[in-house]
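What follows is a short report on a single structure.
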Amino acid sequence: MSEKILEVKNLKKYFKSGKGTLKAVDDVSFFINKGETLGVVGESGCGKTTTGRTCIGILDKTEGQVLYKGKDVHSLKGADKKAFTKEVQIIFQDPYSSLDPKMRVHDIIAEGLRAHKMCATKEQERAKVQELLTTVGLNAEHATRYVHEFSGGQRQRIGIARALAVEPEFIVCDEPISALDVSIQAQIVNLLIRLQKEKGLTYMFIAHDLSMVKHISDRVAVMYLGTVAEITDSNSLYRNPLHPYTQALLSAIPIPDPEVEEKKERIKLIGELPSPIDPPAGCRFKGRCKYATDICDKERPELREVETGHYVACHMVK
Amino acid sequence: MAKLLTPLDKAAIRAEDFAKAVKDENKVEASFERTVFQQLVSSFRQNKLAILCLIVLLTIILSSIFAFLSPYDPDEMDVMNKMAGPSAEHWFGTDELGRDSFTRALYGGRVSLSVGFSAMVVSVIIGTLIGSVSGYVGGKVDAVLMRVVDIFQSVPSLLMIIVFFSFVPSNMVTLIIMLALFSWTGVARIVRAQTLTLKERDFVVAAKVLGVSHAKIIMRHIVPNMATQIIVAASLSVAGAILDESALSFLGYGVALPKSSWGSMLQNAQQYILYDPLLALIPGAFILLTVLCLNILGDVLQHALDPRLHK
Amino acid sequence: MEKLLQVKDLKVSFHSYAGEVQSVRGVSFDVGVGEAVAIVGESGCGKSVTAKTIMGLIQTPPGEIKAGSEILFEGTNILAMTEKEWAQYRGASCSIVFQDALAALNPTLTVGRQIAEKVMLHTKVSKADAYKEAERLLTLVGIPNPAKRVKQYPHEFSGGMRQRVMIAIALACQPKLLIADEPTTALDVTIQADIIDLLKDLQQQLNMAVILITHDLGIVADVAKKIVVMYSGKVVEKGSNTDIFYRSKHPYTQALLRAVPRLDADENQELESIEGTPPNLIAPPVGCPFSTRCKECMNICQTQEPPEYEFEDGHICRCWLYHEFAQGNKEA
């Protein structure tokens, strides 16, 4: 059994708003093993980004616990906190807002090196930055340029180089390819996979594109309205989806093959996504689920392990 | 097999052209993006008024700096020639003591402009510091600092300065401090609002995740990214400080005699306004032109530097 | 099939501070009556500009539609129409649905009024009848409880429902051609599937031609019977959906199909990464636009524009690889 690098226990993250309490993440539990990729999928507003950001301490939690290598992420202080910022990094969705437009590429990448005093001399720092640029597939000459001269895909590479600079073990990839063109997406995904193999990284890969998540992840967590609906390894998620929401989601993904598409039976969801502000009691999905019964109204389904490593939160799955 | 649809010039196609191409992988493409400076230049080019303002402002500033080139001493009296009209020797005439009005206005400009610019620098420093800390830290610190800003903005600043000067002698330094003390609040508000949006940007979050200290985040990421807004606020703040200084000098609370500023020249001129309106018109015109140019330039800068206002 | 729309050698440029951006550089394709055609390409490939030109929504200046370009709608060149004819054409003959429904709807007017206004603009009907028509259209696009919904404002609708409203507005006055410009890009997958299904149903039910513009090859697989693949302002390949998905000829189309993971694929499917970035349209490469990123690139690709080759009926590809000299290359 591999070692758990991150463990999330009953995490809740609420935001107070004028209209009520927005329950962005409501009682979520999962773990990530060292060296694996956990994909987190869900539609907009399901709390996947909030979960990712709370896990690495960018956002405070409301309740629950996030343990990184056994230590509570939200109560780290001093040297422990500094060490945590060296081990855990994030890659962002928007390649435009994630890089400081007033800085040169060299300074952007060197920022982490400086914060952790990883290079003794300027020479070392320059060599390290150039090595990082080559690792992510850019040119060493790019170091003196400003970010506005780069395309979206190249910017994303700079963002990856920045995260890699501090030699992290765990990286949260927050929709790193959603803003990119199709032909560029594969470049970035292949780069991330290569880096994982070379450096033994652990990823939490957040995305709404289920086919890409299935491709890159070892295990996948499907989120719906602040809760985890199902977690399992990526192949059994496709072959044997148990949660009705996962089934509907899978059937909605277009497949680039006319014959397959024509034969495909789509499971249509009834109704609309409820608001995460004061969401329905009981099962969050019940209003759109054709299997819903009385118990779904009354009780919130627990995330249960129904097969080895296959967790589902649904009353109807036996 | 494939059917050719486009007519081809057979002679131009040689078999060796079909060899696999060797590509230079390391080619770095040219950039077509504009820098801030290029944007600025192009928006000045499109705006004739802005160029005119820049020229006028630079002329006033330069001639104030080089006022010593004038053949007259600003304080030298020439009673025989008092209240003279414009002439070849005295371009804008002389005042009630026979001093050359033009030279006096230039020396007055030194005082007015240096008070204005110094007050701006001080107020921008205070405003940026308080605004960025307030916005970045948020919570109680923000609430307290913003109430302080509210208090400063709700007292009548000129009256307070006048009261203050009844206890403390007024000179250049106290004047600059006083003016800055009541004008940093505008900058602070702008800086705070910008900080609030900037601190949510991903590059600031990235710096936090990298373990960069808060002070460094403010210095390296937040302040440089609102440099444009600060510049705009600063240009308007100079205009405000010059006006306030003139008003104070006019009321007799400006710099001490015999030093003069545009404001004190105006005060001087009011006794003779009926005999020689030119005495009041000259410093008045200098104040008007300077403030107007600064305001227009501030507006142009704002449009040039703010991408949301781009067409 | 009878031809409804013929785009012939369309060239559109935009003049900017840095020079002339050649967004569309000689695009030709046909749309038959009641046919669904997809234009696929990445951002900046000129697909949206092509759609806007067909709708007459290109502002000149800074835009410029080059001489020699022709767009025939039922045989008339619409590029030569007067402003009055355009107004009649837009809406009554041809309608467009944009990506961002929230920006396209007026937030201060009820949805019913926005549909009714469009109806009254093109047909002489009473206000009451126009509102009745609005209700009918909302039912047609699958919005439940239309009698109540016509009185609501856009912000009371969810993203998917707003896109349905946009389609309802576009359908008012029974256009013969509906252009959907990335209609689902801003939507979640489950809602995207609903909207695509709706467009497909409407196309068949109303015998209306649809041009679906998208960057996602997957969503057009089932909807469009004809696919036009654009790259850098040019059509690199066009053909039926089976031609494109099973027998694609152009290296770009082939690479694009291998660059996206398939949900039904086995484990460890290798994604093909297309290195480099699309060329800059201010200084587009001479020769083939894809030559800078193509793995098969030959010397001639960088100097001479590739000719068109036709494979089966209507399957056309622009690539030097199908020249007889290149065939010899392969065997050697």
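Labels for the chains are A, B and C, by order of writing; each one numbers its residues from 1.
In this section, a residue touches a chain if its C-beta (ideal position, glycine included) is under 8 Å from a C-beta of that chain, and two chains touch if they have at least 3 such contacts.
Bear in mind the structure is a predicted one, so any value in this text is a computation, not a measurement.
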item	value
Taking each chain's C-alpha mean as its centre, the one farthest from chain A	B
Comparison of A-C and B-C (more C-beta pairs in contact)	A-C
Centroid distance [mean C-alpha coordinates] between chain B and chain A, Å	45
Chain B and chain C: spacing of chain centres that average the CA atoms, whole Å	49
Centroid spacing, where centroids are CA-atom means, of chain A and chain C in whole angstrom	32
Junction residues of chain B, two or more chains touched	none
Junction residues of chain C - those touching two or more other chains	277
Footprint of chain B on chain A - complex, ascending	53, 56, 58, 81-82, 85-86, 88-90, 92-94, 97-103, 111-112, 115-116, 139, 141-142, 145, 148-149, 159, 162-163, 165-166
Residue ranges of chain B in contact with chain A within the complex	26, 28, 31, 33, 201-203, 205-213, 216, 220-221, 224-225, 227
In the complex, chain C residues that touch chain B	17-19, 249, 277, 280, 282-283, 291-292, 296-304, 307-311, 316-317, 320, 322-323, 325-326, 328-329
Residues of chain B that touch chain C when the two form their complex	2-6, 8, 12-21, 23, 29-30, 32, 34, 42
Residue ranges of chain C touching chain A (in the complex, touch as defined)	42-43, 158, 160-161, 188-190, 192-194, 196-197, 215-219, 221-222, 241-242, 245, 255-257, 259-265, 267, 269, 271-275, 277-278, 293
